[in-house]
Amino acid sequence: MKTLFACAIAAGTLLVSPAWAQELIFAPGVDGRFSWESYESFGASHRLENQALTIFGPWRGQDQTLAENVFAYFAAATGAKVSYASSENYEQQIVIDTHAGSPPDIAILPQPGLLSDLALKGFLTPLGTETETWLRENYAAGDSWAQLGTYANADGERALYAFPYKAELKSLIWYVPENFEDAGYEVPESMEELKALSQRIVADGATPWCIGLGSGGATGWPATDWVEDILLRTQPPEVYDQWISNAIPFDDPAVVQAIEEFGWFALNKDFVLGGSAAVAASDFRDSPAGLFTSPPQCYMHRQASFIPSFFPKNTRLGLDADFFYFPAYADSGLGTPVLGSGTLVSITRDGMAARAFIDWLKTPIAHELWMAQAGFLTPYKAANTDAYANGELKKQADILMNATTFRFDASDLMPGRIGAGAFWGAMIDFVGGKPAAEVARAVQSAWNELG
Amino acid sequence: MKPLRRFAVHLSALVFVVAWTLPSLGVLVTSLRDRDQVAVSGWWTALSSSSRMQVYRVPEDKGEPVDGRYIVTGSLPGNGEVLIAWGVSSLQPTYFAAGETANLTGGGTLRVEADGSFFLSGTESFARTHRQRIFYSVTAGPRLTMENYANVLFAAGVGRSFLNSAIVAVPATVIPALIAAFAAYALAWMRFPGRWLLRLIVVGLLVVPLQMSLIPLLAFYNSAGHAMGFDPKSYIGVWAAHTGFGMPLAIHLLQNRMAGVPREIVESARMDGAGDFHIFTRIVLPLTFPALVSFGIFQFMWVWNDLLVALVFLGPQDDTLVLTGRLINLMGTNGGDWAMLSASACVASAVPILVFLALQKRVESGLLGIALK
Amino acid sequence: MRPLLFLGPALMFLGIYQIYPVFASIWFAFHDQSGRSYVGGTNFQWLVLSAEFRAALVNTVLWLAVVPAASTVLGLLSASLTSQIGWGRIAKMLMVLPMALSSVGAASIWKFVYDFRGAGLEQIGLLNAIVVGLGGEPQAWMALPFWNSFLLMVIVIWMQTGFAMIVLSAALHAIPAAMIEAARIDGANGFQLFFWIIVPQMRGAIAVVFLAIFVITLKVFDVVLAMTNGQWNSKVLAHLMFDLMFRGGGDLGRGAAVALVILILVAPILTWKVANARAGKDG
C-alpha cells in the first residue's frame, strides 16, 4: 500500500515544517558591490519592530526564493515581520481580496491594466508626488516608468499608484550557442535573416522553434508578446500607442498583419516543435526544455528575460544557453525597438510598514540584492551595475540602452478584461486555426462591450 | 445462467473496473517512477527498461600533463546504467560506440567507455578551449523510487500544507455536525410555528451554488472583523464558513434519520418527564449516531478536498495554504513535471481515500441517506 | 423558547452563509462592476447580447444533457453487473473511489491521461498513446473545440458514477425477488426483465440520482478551471461567473447576473425537491 506509506511519511513531516526564518544571503557590509550604506541608513530611519507586512506577488517557485531573499533584508533592517504569498491564479486572488476588503498590505502585479482597474475602484493608495518625482529623476527613461504606474481614480484624477520594481526585457531569443555551432548557424541580424534561418533549419530536417502558450489561468499571453514585438517592428511606435488606447481598432490591418506575421512562425507545422497544435497545449514554462535535449528538439525560443528560471537546473547562461536580440526588419527604418515590462508595487492597505516598503524600493540595495542573484533588471540609475550576477544580465542592460524605441507590454496596458482576457483567448483561437482578422474582431467587440 | 452470459457479465464488470481505475493507477505508478524516465516514457512501460539521451559537460579542468599531452578523465553521471552510444555533436549524439575514440574539432581526442568513464586527451592545455559536451545514450532498467515523495514532502511545502488541511478539516467537520444535530432534533421532534417552512428552506438551500457567496461573505467578514477587531482571514473564519456551507446537508440528513426514531420511544420518555435536552442526548442522538458519522465522513472529505473556500477565507500564504491549493500551485510552477505532480496528487488524495476505505459501510449508507430520504 | 435554543446556532449559520449571499447576489446583479452604483437591467442586457455568455450557456446545456444521463445509465449498468458477480463488492469499491478525490486531484489525474506531445515524440498520456498505437495522429485534446467539453464531462462522469451505482444497487436489492421470479416464469428474457420490471421499479431512485447529479453538474467549475480555464470554448456558466467576478479587475455585477441565471436553472429542481419534502411530510 504505497499511499499508506506516503501518508506515514507525511505524518512524520508535520512537525518539521520550516517557519518563516530567512537568512541573509549576502552578509551585510562585506561585499563591496552593494550599497550597504543605503541599507544601514534605511534601517536607521525606518523602525518597524514586530510590525507585520504582508506582500502578495506573482513570484513562485525559484523566483519566490529570490524575492524572499530580498525581503529578508527589509525585515532585518526594520524589524518588521514580512510574509510573502503568491498563488497560481494570483490575478483572481487579488481581485477577491481587494473587493472583499481583506487585501495584503502590498500587492505586486505585473499587469498595469489590472492595477488601473483596482485604482479606479479605489483599492490602491496613491504614492504621492514626491515618489513620482523620484521615479522621473532616478529611473532611466523615468517619465515612461512613472507613466506606467499612473492611473485615474473614480473621479478621473490621475496619480501615481504603483512603483515599478524589476524590469523585464521581452525582445529576446534564447538559443544554445554550441548547437548553432554544431549545425553551422549564425545569429541573425535582421528579421529577414531570422526567417531565412528558420527555413534553413527546416531544410536541415530539424525544428527551429519551441513555442508554448500554456500558463494556467493566463494561457495565451506568450503569444501577445510575439504580436507586440512584431508590431513594433512593422509599424511606428505611434501606431502601437494608438492600439493600446484603442484609438485604432484592435482589428486594424496593421494589427491583423502583425498577428499573421506571428502565424508565419507559429502556424507552420514544420517550424514549431510538436506542430502548431502543441503551441497552445504546451506550458510556457516547459517549452524551452526542447533547446536542451539531445539531440536538440528545437533551436530557438522567444521569451522574456525571466525565462532562465525555467531552464533545466545547472544551466549556465553564456555557456549552456544564451540569447540574442529579436531582430528588426532590415529596411523598415524603425531602428531597434525593444519591448519590455515591469512588475509594479502598490499599497493595497495603507500603513507605516507599507509606506516604508515603498521607501525601501528607493534604496539602491533593494535592487542590487536581486541583481546579484539572477534574472533581475532595473532602470534605477544609482544601483551599481557591477552587482549584476553575470555578464548576461549586463548584456540585457545593453540591449535596453541601445533601444531606439522602448515600449511596455501592450497587453499589460490594455484594460484587464482585454489585455488579460480577450487578447489571450484570441491568440489561442488564432493558433487553433481561426483567421487573424476574425480573432482581432472578437477582441474589439469585447472592448466595445466593456461599457 | 448460461456460461456465455456469465462470462459476458464478468467481462463487462471487468471493463468497468479497469476503465475506472486506470487513470488513477497511472498517477500512482508515475509517482513511484524515476523522474527522468517519467518524462520520456509512458507509465505503462514502468516495468520495462528504457533508454534515454543525456548531455554532459566536461568539468572545468585544464588537464594533467602526461608525456607531453594533457589528460582529463572522469565519469559520466548515471546510476549503473549501460552506455550504448555517444557523440560530440548535437547533430550526431550517438555517432560513436562505447570504447571508440573521437577526434575533436578543437584538437585532441575523446574516448568514452561502456561504464561511462571518459578520457580526454590533447596536445595543449584545456584551460582556454571551451568545455567539451558529451552526448550519450544509456539504457536503464525499471527503477521504482520513493524519491518523488521525499521531494514533495520535504521540499515543496506539502508537509506544511498537509498539516493545514488537517487543522481546517477536523473542526470544520465536528462543529457543523454538532450544531446541525441540535437543529435537526428541533425540526424532527419539537413543535413550533414555521417548522415546515424551515424544513423546506433547508431543502431548497441544498442547491445554492457556493461561488456566488464568496464576495458577499468575505465582505461581511471584513466589516465584522473591522468592527470587532479580529483578522478576517483565520482558521476560525474558515471553520465557520465550512460550517455554514455544510449546514443544509447536515440538517437534512440528520433530521430525516431523527424523524425515523420510533415515536413510542420519544413519547414514553416525555411521559416520564424527560426534557428535550435529555431526550436528545440520551435517546435520539445515540440512535442516530451512525447518520452523524456518515455526515461527518462526507463533510470531512468535502472540506479536505475544497480549494475555493480555503483560498478565499484563509488565503494563499505559505503558512496557511491547504493541500489542494499547494497542488494547484505545483501544477503551475512545475508544468509538466509529472513525477512531482503525481506524488503530490497521491499525498493529497491519500487521506480521503483512507477514510473512504476504512469507513466504507458508513459511506454507502450515508450516500443512501442523502439520496433516498 | 426552547426550539430557538436548539435551532439558534444553525439558523445563524444558514442565515449568514446561505440566505444572505443569495440576496446580496440579487443586489449586485443590478449594480455596476464594483457594486457601487445602480445600473438597472444593464447586466442582464449584456448577458443577452454577449457571445461569451451564449457560448457558456450552450456548453452548460450540453453538460446537463450528457453528464446526469450518462452517469445514471453507467451507474445502473454497473449496479446491475456488480450485483451478479462474486467480486461485486470489490468492483464497487474500486468504482466509488474517484468520489473521494478532490476536483483538483481528479483534474491532475486526467490531465495526465490527456497529456499531449507533438507528433513523433514519445506520448506519455494514455489517450494519445492509444491513438498513436492505433496508427492515429496525437491530439492536443484540451484544445479541440467542442470535443474538449466532452472530455471534461468524462471527468465528472467518472467521479459521479460511483454515487449513482451505490444508490441504484441498493434500490436494485430492494426489488422483491418474487416479482422477478414471476416475470421469469412468464417467459421474460434478460432485457425484458430489465426494462419492463426492474427499471420501472427503480423509477424513484433513478430520478433522485439523476437530479442530484444534475445539480452537481450545474455547479461544476473547478474541473474546468484546472483543465482549460474556460479556454478553447469550454466555458460553462459556473466558470464564467467565477471568471467575470475575479478576472481582469472583477465585474461583480455581471458575475452576479450569471449567478442568478444558474439559480434560475436549478429552480425546477428546487421546486421538485420542495414538493417531495412536502409529500413526505407525514413520513
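All chains are identified by letter, namely A, B and C, in their written order; residue positions are counted from 1 within each chain.
Heads up, the rule we're going with is that a contact is a pair of C-beta atoms (placed from the backbone, for glycine too) under 8 Å apart; a residue touches a chain by one contact, two chains touch by 3 or more.
Here the structure is a predicted model, which is why all the values come from computation and not from measurement.
Remark: among chain pairs A-B and B-C, B-C carries the greater number of C-beta contacts. Comparing chain C-alpha centroids with the centroid of the full set of protein C-alpha atoms picks out B as the closest. Comparing mean CA positions across the assembly, the chain most remote from subunit C is A.
Between subunit A and subunit C the centroid-to-centroid distance comes to 38 Å (mean Cα coordinates, whole Å). Separating the centre of subunit A from that of subunit B, both taken as means of CA atoms, is a distance of 30 Å. Note on chain placement: the centre of subunit B and the centre of subunit C lie 21 Å apart, centres being C-alpha means.
Shown for subunit A are the residues in touch with two or more other chains, namely 89, 93, 96, 99, 216, 282. Each of the following residues of subunit B touches two or more other chains: 214-215, 328, 331, 336, 349, 353. Among the residues of subunit C, those touching two or more other chains are numbered 242, 245, 252. For subunit B in complex with subunit C, the touching residues are 5, 9-10, 12-13, 16-17, 20-24, 26-27, 30, 38-44, 176, 179-180, 182-183, 185-187, 190, 192, 196, 198-217, 220, 240-241, 243-245, 247-248, 251, 259, 276, 280, 301, 304-308, 324, 327-328, 331, 336, 338, 341-342, 345, 348-349, 352-353, 355-357, 360, 363-364, 367-368, 370-372.
Per the touch definition, subunit B reaches subunit A in the complex via residues 28, 31-32, 53-55, 57, 89-91, 93, 130-131, 133, 135-137, 146, 149-150, 153-154, 157-160, 162-163, 166, 214-215, 218-219, 221-223, 225-226, 232-233, 311-312, 315-319, 321, 325, 328-329, 331-336, 343, 346-347, 349-351, 353-354. Looking at the complex, you find that subunit A touches subunit B at residues 2-7, 9-10, 13-14, 16-20, 54, 56, 60-61, 83-90, 93, 96-97, 99-102, 176, 178-179, 182-183, 214, 216, 282-283, 285-286, 292-296, 319-320. Residues of subunit A touching subunit C in their complex: 89, 91-93, 95-96, 99, 113-114, 117-118, 120-121, 216-217, 219-220, 273-275, 277-278, 280-282, 297, 415-421, 424-425, 428, 432, 442, 445-446, 449, 451. The touching residues of subunit C, counted against subunit A in their complex, run 33-35, 42, 46, 49-52, 116-119, 121, 139-140, 142-143, 145, 225, 229, 231-232, 242, 245-252.
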